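Report on the following structure.
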Amino acid sequence: MTVMNFVYGFIILLAAFIFQTTITGFNRKVTARIQKRYGPRWYQQFLDIFKALRKSSITHGWIFDFGVIMALGGIMATVIFIPVAGFEAFPNMDNVYIISYLLAIGMLGMAMSAAGSGNPWASIGVSRALTNMLAYDIPLMIVIFTLIFAFDTASVSEIAAMQQGMGILGWNAIRMPLGGIVAFIALFGMLGKKPFDSFIAPAEIASGPMVEYGGKHLGFMFILHELMTFIEVSLILNLFFGGGSSILVYAIKYAILYTLVNIISQVMPRYKIDQAVKFFYRVPLVFAIIQGLVVIFLGWGVSVWF
Amino acid sequence: MTFITVLITLLALSVVTYLVSLINNKLGAYFTIVTSLVTLLLLFLLKNSIGQLASISLFTFKLTTVGWYFSMVMVVVYFTSAFLNPFWMKKMIYPAAYNLFYLVSLIGTIGMFFARDFITLFIFWETVVWTSTFIIQMGKSRKSSYVYYVVSAIGSMVTLFAMMLVYQVSGTLEISVAFNALTGQPVLALIVFFTFLLAGLSKIGIFPFHVWLPMAHGSAPHTFSPVLSGGLVKMGAFIAYISVSAFAAYEAFSSSFTIMGIPAPIYIIMVLGAISIVVGTVMAIRQDDAKKLLAYSSVANGGYILIGILLFDQLAFAGGMLHLVSHAIASATAFITIAIVAHRTGTTKMSKLGGMIHKMPITYTVYLIAIISMAGIPPMGGFVSKWLILQGLADHGLLFIAAAAFFGSIGSFMYVFRPLSAVFLGQLAPKHENVKEASIMMQIPMYLLTIATLLIGVFPKIILKVIAGIQAEAGIQEIVMVGNTIVVANGVLDTFRVFVVFGYGFLIALVIFILRRKSRRVTLMDTYTSAEFVHTPELLHYSSNFYAPFERLTKKPYPVLNLYEKVSIKIKEIGHMAESLFSSPKPAVTIFWIIIVFAIFFLGGVL
Amino acid sequence: MNNPVLLIIIPLLLAFVSVIIKKAGKWILLLGVLINTVLAFFITTGETIIGGFLPPAGINLVVTQFTLVGVILINSLMLLTIIMSIDLVGKYSVILLTALAGINGMLLTGDLFNLFIFMEITVIAAYILSAQAKKYHHTITYLIIGSVGSTFYLLGIILLYHLTGSLNMADVAAKLPLLTTKELLVPILLIFIGIGVEVKLLPVSGWVKGVYAHANRLIAPLFASIIAGTALFVFGKLFVSVLPLSDTLTMLILVMSVMTFVFGEFAAFKQKQVKEILLFSSIGQAGLITALFISGLVYAAVILIISNVVSKLIMFTIAGAFTEKYQTDNYHSLSGVFVHNKITGIAFTIAALSMTGIPLLIGFYAKLNILIGFFHAGNYVLPVIVLLMTIVEGAYIIKLLLALWAPGKEGQVSLESFAVEKKQLLSVKNTAICLIVALVLIVGGTLIDTTSKIVTNGQPLLGDESPYFIISQSKGGE
Amino acid sequence: MVLENQDNRNLWEKIGDYFSANSIWMKWYCTGCGAIELPPTMTSRFDMERLGMGPMATPRQADVMLITGYLSTKTLRRVIYSYEQMQDPKYIVAFGSCTINGGVYYDSYATINQLDKYIPVDLYIAGCMPRPEAVMNAFADLISMIKKGQANGWRHYQENYEWYKKNQLDSLEEVIIHDEFHE
């Protein structure tokens, strides 16, 4: 653990933020085009974030501030652990469980801060978000579990590296097709994209956890959202779509994956939260278990696909 | 120093405590703190004499690393919870007896962990059961005490059967030797395995036996709930440990049908563990009483511990043993904080609380750290143990059990957040305007336990070293630590680094936050209400039906407690039948029965 | 060495004296019981011939280790009962002395017909005592059933006399194996039912509830521990050492015993009155004890009798006090009664716990021996039943204890203010005795080597060779 | 209301105003008929997102509040409440003649006639109702005002708080009992 690690970490952080925010801006345009609109400028997302940081803000007590800082801190730490195209700020720290559980501290911080505002909408939003998490995470974790069993490692970068060199056929999403579908669907849940966005439903519960944020808190939430998106898409990309052999390939794949998710989600309606749970436990969970059984008992898709 | 000296010292001290309590119960309560501290120190000194044999009267003991480990956990929990005792003396109907039983149950657990023969094990086990039964009744409910005893009795009586069966077969009561006689007798081994383990299952609250936990934890005196959940439940894990180490379940069932390399009988128990994870999680999410919620979480975590210990390998076993400690500490902390809230506000119902953070920030922080550990989020103790268990499960490829583990793990975010949000965050009700922070005396255990949680989370080596010792003692592969890094076959974990990087991230966020304009403080009621004027804080506090959509999904009737009740009703019915048939006040009826008996016997004898 | 016949003669003699000196009745009773108890400790094993005729023709008293345990136990308990409830003795001193003579006779006699006579003495005394509660209906019931039982027993020994030409137990025991099973069936059956009525085996124990449930502090322990204990000892003596049972009969009696055990415990589980719980529990325990005797586990049975009668003595005394002071023994109406009577409560609790077989109490030792004995005999079904019933037993005992100790509604912390009105249950003397007796249960259960030495004196009881638990076993190969 | 013309902002404020001008989040107060003009303004015909504008759920998050028509005294109280929950800098755009002089409700006992007596209005859009073209035009004006630092209603409100408060009280009268039914 040297100073350079921390510098690299900061670079990853910065790069991830700029990259993802750009992609988000781009996707806002994509969304607009789907809706036959012209759409905002590509850098609109930056403007929004900086505008929010610029405004004055209120606080509902120390937990309201502390939660936000803890959330962003946790998410930033997670971003630092994400391996990007084989590049890791802290080597050997890309254990998939560390990433997925460290992510939770960010969410916990956000939930805490939101509930600390004393607004019932926020609590409802948090309760929905957590329920949503319970829905999408089980199938996803089962598939990840299958990967760990199959490759005998829990390191994200190692799993990513193992898929490379065989072209598209090497991707886990292709080798384990059901698992790939599950991961792809779970990504919608993780990102809070439609149809699984009932926890921020603006017209219904006034954007849920975000209801009381204004000014810098809201800016923090936007940064947090960008970084979290980066973590989640990267995780799925690394685990199921082969990561990237170089930064460029990684970025392109990333953009395609995220845009694909965005495009699909734009034509979706919204599930109620219990419908989302039912959906995840009906289809993806079954897929995940079948995939797990196939891998564990038959060994298909582990060493070779064809 | 021999173990017997320790035991007698403690017994003497507890009698002294009792006598002091008779005169002044508050002073006696302070004596419980002192005595448990003495116990802690004495036990710590005993670490050097591991391997010592001791016996007195009926009892024989052997000092083992695993026993030491378990009893240290227990004493830590007892010691820290004891700090609350002085504050509850006024609310107890029998304060002196409470103090005595508190210490006797502690001695009971220690004696049980060091037991060398079955009789010692059983006697100390029952001592703990009875003392805790009598303590629980001093709480809110007699029924819970009753259920607790009955479920415990089912476990202990069945286990006594196993013990005597083994004694009959082997001719010895010594735990480490007796089970050897079962080799080559698979059917007998199967019976002994299931029956012996039953006490453990009932104590740790595994699925069909979990009914007592929410009842007992929920209604026990607030000072004893931490002990129940953090301590006594873990006795069951010890039985599970015996069943895989001394009983050597893996060798005994080596010829039986295996699932992913796990013999079927062990797998069945592990499935029960998995079911309790799911049931515990689902039920915990549905609770309104904070203590019941934590009790159900103990059910779920008991499942993790059981699965970990039963896997009995390098990885998951270490995880199970570590989870024992991290959950014991986290759960004791959580119960202590809830106890303090209850002490200050008089209720543990989450829907009646709220906004406590503005009155008790320290309690809140302590609770927060405890639940982070309980939910298995880094950098706290619970993460390391859950990580080890999950990695172990992945190593074995136990898919369904892992699925339950994931469910429990994600579900725990839901249930630990509920009290956080409903009790501590949200709107502060006007009636709680004058609530005060916990007193210094109550803060001491919270600080101690929080430091312990953090330490385990950041430097798990402290505990894992001991666990490696246990693994060596049990003859399995030891967990490997390189520096601060845990190195296992399918992953590495450096918790210190995780902690540092988290700190780094936090620092960056903090700097950005401080650089921006300072926020204006507004009141809690100044919040977005769709422009509606609301003046009743309680109305703006979202705490009941917190996970309403999820509760809708899981509202199917819950059959297990009904099962016990049904059995109880059936017994009463049969009893009633017997009474009305045979205890008639009319002599003619008895004469009739005499004739019937005569006739049956005569026919039976002639034929 | 003294003559065991004194144990029978002295109470009888004093009974006559107390008829004459009515006013000093209770003191004479006390004196008689005291002398008897002291004497009981000094008799030794052996045979005493009465009247000069040698057995089998003459009458004899046989003292074996088994009898000795019984005599000491029953006389001591009688002494304690009388001391505790001397205020209630009143005009019953004659009856009690007669009953004592009868009881000792039942325990000591070596003659089947004498046994009948002593049994009749005891039982008639018991009829009179049961009338104390003024529930004559129940007394009549008891009278009728008891008489039927006695008649059956008498018929049985008449048949035996017809078959063997003897009434001396040893002689009969020697001759019976020569007879065929079918010849023996009817007499054994009659004797079994006759004794069964007193032992309280289930279908033939209809009288128990009525008599026990209304008995007071003196009469209840007298029935539950003294007469019941005696009956069990007699049952053991007859069915282990005298009457040979065919396999079928063993099976049938075993089934009946186990049925008594199970139904008794179940019925106790259902009850709400303290005395009814205890009396059904007594019935259940009697079933278990007879089952043990029939299975040949005499040592375990004796330990269980000791545990049971001692516990029941304490518990029935206190239960009697409940009715005496609070006019009810429904435990819901007695909620928190021990808050005001802690020491009485402790004694009651220890007795109750011993009954359920909690470690370090003698009940646990009994249970341990039962399990070891059954396992040794290759019987795996009965231990299961015993343990299951222990759970049931534990359940109703804990329910009882919780109600008596912890007042207050469900969902509320139990407080002293919820308890029933404060009354002193037992006098200081009685409390002390109860506590001391309870401590005996602890000592007996802890120093089990001493217990086993005292009970067996180094010889197997009634030829029972099955193993029993002593401390050195637990130490294994140390 | 006086619009200050002189520009005495420092560099940071100018940069900040640039961000504010290009990212305007709205909160609409839709009691009047003008709300119906907003959906076409937002959707593909006019697409206000081009200007970086978008709807937001709560006043805490929003930069501009759109008062889309007449206000009864009852709703005015809520508008003020919402406005005070907004974070600085914040702007108000008032729609239609009702907010300027009462419009068709000029003699109604239940509505207020002139909105800027109660809260500072940065921009009025005349018309009954203003069409989306007018709305878009107004937004463009608002943006240029913010850029120039001329949209200072929120500062004016702070500085003249007593005056506003007095007007509000005169019109609404003080609420004595604070509970859910009296305000």
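Chains here go by letter, A, B, C and D, matching the order in which they are written, and residues are numbered from 1 within each.
By definition in this document, a residue touches a chain if its C-beta (ideal position, glycine included) is under 8 Å from a C-beta of that chain, and two chains touch if they have at least 3 such contacts.
This one's a predicted model, so the numbers in the text were calculated from it and none came from an experiment.
Interface comparison, A-B against A-D: more C-beta pairs in contact at A-B.
Among the chains, the centre nearest to the mean of all shown protein C-alpha atoms is found for B. Our note on geometry: subunit C versus subunit D, Cα centroid distance of 95 Å, whole angstroms. Subunit A and subunit D have centres, each the mean of its CA atoms, that are 37 Å apart. Centroid to centroid, with C-alpha atoms defining each point, subunit B and subunit C lie 42 Å apart.
Touching of two or more other chains is recorded for residues 526, 528 of subunit B. Each of residues 56-58, 206, 211-212, 215 in subunit A touches at least two other chains. Shown for subunit D are the residues in touch with two or more other chains, namely 58-60.
Chain-to-chain contact here is organised irregularly, matching neither a line nor a ring nor a star, and falling short of all pairs touching. Taken in their complex, subunit B has these residues touching subunit C: 53, 55, 57-60, 91, 93-94, 117-120, 122-123, 126-127, 130, 133-134, 137-143, 145-146, 149-150, 153-154, 157-158, 160-161, 164-165, 167-168, 172-174, 177, 219, 221, 568, 571-572, 574-576, 578-579, 581-587, 589-591, 593-594, 596-598, 600-602, 604-607. Subunit D meets subunit A in the complex at residues 16, 19-20, 22-23, 25, 43-44, 47, 49-50, 52, 55-61, 63, 86-89. Chain contact summary for the complex, subunit A toward subunit D: residues 28, 32, 35-41, 44, 47-48, 50-51, 54-58, 202-203, 206-207, 210-215, 218. For subunit B in complex with subunit A, the touching residues are 260, 355, 357-358, 361, 364, 368, 372, 375-378, 383, 386-387, 390-391, 393-395, 397, 399-400, 402-403, 406-407, 410-411, 413-414, 417, 420-421, 425-427, 485, 489-494, 497-498, 500-510, 512-513, 516-517, 519-530, 537, 540-543, 546-550, 552-553. Looking at the complex, you find that subunit C touches subunit B at residues 137-138, 140-141, 144-145, 148-149, 152, 181-182, 185-186, 189-190, 192-193, 196-197, 202-210, 246, 248-249, 251-252, 256, 263-271, 280, 339, 353, 358-360, 364, 367-368, 371-372, 375-376, 380, 383-384, 387-388, 390-392, 394-395, 398-399, 402-403, 405-408, 410-416, 446-448, 471, 473-478.
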